[in-house]
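Each of the two complexes below includes chain A, the first together with chain B, the second together with chain C.
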Partner chain A sequence: MSKDMMQSFELFQPDNLDDAINLLDRFRGDSWVLAGGHDTFSWFKDRAKYAPNVIDLNNIDELKGITETNRGLEIGALTSLTEIVSNPIIKSNFSLLSDAAGKVASPQIRNTGTIGGNLNQDARCWYYRYGVDCYRAGGNSCYADTPQGQNREHCLWGADRCVAVSPSDTASAMVALDALMVIRGPDGEKEVPAEDFFIGPDIDIERMTIIQSGEILARVILPTDWSGATFYFEKVSDRNTWDFSLVNVAAAMIIENNVIKDIRIVAGAVQCTPRRLSVVEQVVKGSPKNDDTASLAGQAAIRGATPLNYNHFKIPLLENLVKRAIRDA
Partner chain B sequence: MFEKNKILEKNRSSRRAFIKGVIASGTAVSSSGYIFGSLAGCSPDQSVLGSVERLVSLNVNGQTRRVDVLPNETLAMTLRYKLGLTGTKLGCDRGECGACTLLVDGVPNYSCSTLTHSVRDKQVTSIEGLQGPNGELHPVQQAMIDELGPQCGFCTPGQIMSAVALLESNPNPSRDEARQAMSGNLCRCGAYDHYLNSVMKAAERS
Partner chain C sequence: MTKKNNELGRVMFLKHSLIDRVIHWLFAICTFVLIITSFFPILGFNFSWLFIHWFSGLVLVFLVIFHSLRVIFFQQLQSMFISKSELINFVKSLLLFFKSFKSFRYRSGKYSLSSKLVHHIFTLFILITIATGLLMMIKIDSPFWDGNLYFFSEGLWGLIYTFHDIGALFLLTIVIIHVYFGIVRIRLLKSMVTGWISKDEYEKYHDENLWKPDD
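For the complex of A and B:
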């Protein structure tokens, strides 16, 4: 078992965000931000990634907690997923997020896993995780998109050398809720809409989010626009616990007299970023919420999907999930 | 033959006691340095704001234990190899099986995926901490025996810790709630229903 002892690193546990940012600035590329650790420790134990200086954010109280402000509901990045699942305000006003958070991994992982960590987790392509020199790891090939490559978990859209998908369940919910991500860096804070927060390999193949080295996701703001809307979240995975989505769908709708007045609908695990289904939104907006609209929405959702060798099943899966989202929400 | 067995038994137990003694004594400092092969924590960076001290006090099962902890050491490693608390099992060491589950401030955690340095100010409860003052079994442990919960038993300490945490927060769970609460613990023998029977039995009795 001692082979699984992580390589040695220096551990820093600052108690405020400014110190954390200073430490990141001091160590630059030799630093690693630690939240719940479930992504981090796998990388370290597998010897696939490493940093000599680990900055643990768990002692920073200003990164924790859920508060109502005049801008909406602010959720600290170090808030645990369990806290999000059980928070009464989220449950009553933004149940889309608590439903998604409740589907993440296992109870123990939700107890220590954080919303910031879930949103910032790295790609879950098993070739990449194995530590091979694929494009995402700075190499010059993709092992998943080959005739023999195992790619049933991989993408339907947005392939650009890398075919990994957005693994986070809460990311889909954040985009559907039009959340604002507040990022703290050496030059202060900036806010980015969730939709622009996640980036694909065409923008930067080595990152999943817009966060750069030296920056930390401080909190997420859920605007009141979608508070109390009609929500639908569904995740399909091989196992109910631990597993990542094969496809997930998150939708927020405003329905009046059974007509869909407004909608944001997002699919996860079908491309490298949460995929906002704009075509579906256009198709269903202003239409009655019924079976016909749902069928049209499902057909619109899969337009342009380009499957790999083993993930054709994701197309009907996505179609049906979108259909259900419109019909059953 | 009987005598021989007895001698073997004696030898075995004394060797075990010796190893435990070594772990508990100061010798562990040099030997763990060999096992973990690291000098991390000894660098001049100690003075940097927020860097961690290696010698820490841990609250484990109601006792304060002084222990030398590496920055990259997980709680499961500290408990098993430095404090001699081997009731906590390491299965996958990746947070994917649940065998290492224990309670941190009453909440189930995977100790293989928790840095020991992150629980310095918290109460850690492992399977050894469940026994009563006179060594009585915890009601969940007794129910596990009565309902033949475990098969091979390797995942049992983790299963019990999840069940204890569930019954603390929800003394009368439905079978489905119990299933959800136990879903972060794998059992390779597939004794899930037996474990659930045990949890329901323990809930019934409390």
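For the complex of A and C:
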């Protein structure tokens, strides 16, 4: 079978969100939402997933752009990652997000890749991507979690049949910034905190987010609570460009007189959802920002980690990234 | 004590001892938990079900073992056997019903033919689901063993899953039937809650030659 030849599909290009929702409602499980296309076309070209009706959101202006409102900063789901990286308001007030977006893939991909697509992207486990009938694909096995399985990139926490991790760099930043996800569906709009937006395999093994068939992520709201805070983002991957995180850490801190007054710190690529490091937050809150606190934070971050056969290295990696986040932010 | 007078002075007979009722209701709880954790996620109620599911399954396994040992060594296993006369009476009642639409009520031993049939169907499908469920646990990591995906061939795993799912579907069906008759024939539910049946019920539904409450 040719792997670069996509099957044909009907392309729909609505110019407003209501029409897009109606189309999704009409086709139900037979539809696919297209934004930047980076996740979509790799699935389609590999013929691992397919939908006969593709709904292209790129003509919908209300999904694009960055606006300041009285609730904070609203980012349309179709805003490109490059726009986020270069937006002056984000750079000055929420540099955590621009740093994270700047680490996604390559400049060419960031030019067309959207924030909505990056947040909603599917798991990158290569067994799953290859199209095998694993748990996530609706089957009854996990090929990564076996004595022979290649699971270097997989999870340290939250394994529940599936051991894939959240691949999104911006997801960690969104959780750290306590962002609100605005989801539009047939019943109107709902807002969900970023922390609850991502779901693990224990809740639903075939989805990465709470978005259901017929719904679209419309925009993201960054509340002003963390505007101008001290931020830290670091991503470690096998290559410095066009690669997914082995581990990433996103932290937002409010520091007064060298004391950490408040903090939200999140690790990515260590479980199926961005992992909020609540224990680290408890350990460092109210403590001076110094080497001792950083060391304690690093140790706290790895509590309960359960490595697979080939990803033990992620434990010291996470420990050091958290340590650096506290020390160097 | 297998006989007592209730507060109105009526004679009551013990049908289900406390331990039997506890086992029955524990079975019921486990089965409901297993059904909820297996079918609700399919219906779109998403929650973390897997641990609850296999833990309840293990509890069910222990209940089955306990119940079997108790029945074999401390109770009368034959009270659950279906006798020839029961089958003949059953056929007679069917023939009479189809001939003249009249019901022929025959009195049973401790358990009626329908109770025995429900019990045996439950036994069959519970055994199928727990046997296949236990085999599925080979796949998961536990403190005692590492999960092994390749313990059986792909085809055999497929059969195990198919039997588990079919067993679960039949179990769901028989639970619905059992609950329905428990509600319609409230005396059965009442005796499974309190343990006792009245002398009137005993004389109406049970044959003293087949079951004496002192047995």
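Methods note: the second predicted complex is superposed on the first by the 326 of 329 C-alpha atoms of A that agree within 3 Å, B and C clash if a C-alpha of one lies under 4 Å from a C-alpha of the other, contacts with A are read in each partner's own complex, and residues count from 1 in each chain.
Everything below uses one rule, namely that contacts are C-beta pairs under 8 Å (C-beta built on N, C-alpha and C of every residue); 3 or more make two chains touch, one makes a residue touch a chain.
Please read all numbers here as calculations on a predicted model, not as lab measurements.
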item: Chain C versus chain B on the shared chain A, clash or fit after superposition; value: fit
item: Contacts of A:Glu191 with chain B and chain C, given as first, second, both or neither; value: neither
item: Partner chain(s) touched by A:Thr112 [first = chain B, second = chain C, both, neither]; value: first
item: Chain B versus chain C as contact partner of A:Asp225, first or second or both or neither; value: neither
item: Which of chain B and chain C A:Asp145 touches, first, second, both or neither; value: second
item: A:Trp242 touches, of chain B and chain C: first, second, both or neither?; value: first
item: Which partner, chain B or chain C, touches more chain A residues; value: B
item: Partner chain in contact with A:Asp61 - chain B first, chain C second, else both or neither; value: neither
item: Where chain B and chain C come nearest after superposition, their Cα distance in Å; value: 30
item: Touching residues (chain side chain B, partner chain A) in the complex; value: 35-41, 43, 45, 48-52, 70-74, 77, 90, 93-96, 98, 101, 107-110, 112-115, 117-118, 162, 180-181, 183-184
item: Touching residues (chain side chain C, partner chain A) in the complex; value: 41, 46-50, 139-141, 146-150, 157-158, 161
item: Footprint of chain C on chain A - complex, ascending; value: 140-143, 145-147, 160-161, 199-200, 202-204
item: Of all residues in chain A, those that touch chain B in their complex; value: 1-2, 4-15, 19-20, 22-23, 34, 37-38, 41-42, 44-45, 54-56, 58-59, 82, 105-109, 111-112, 240-242
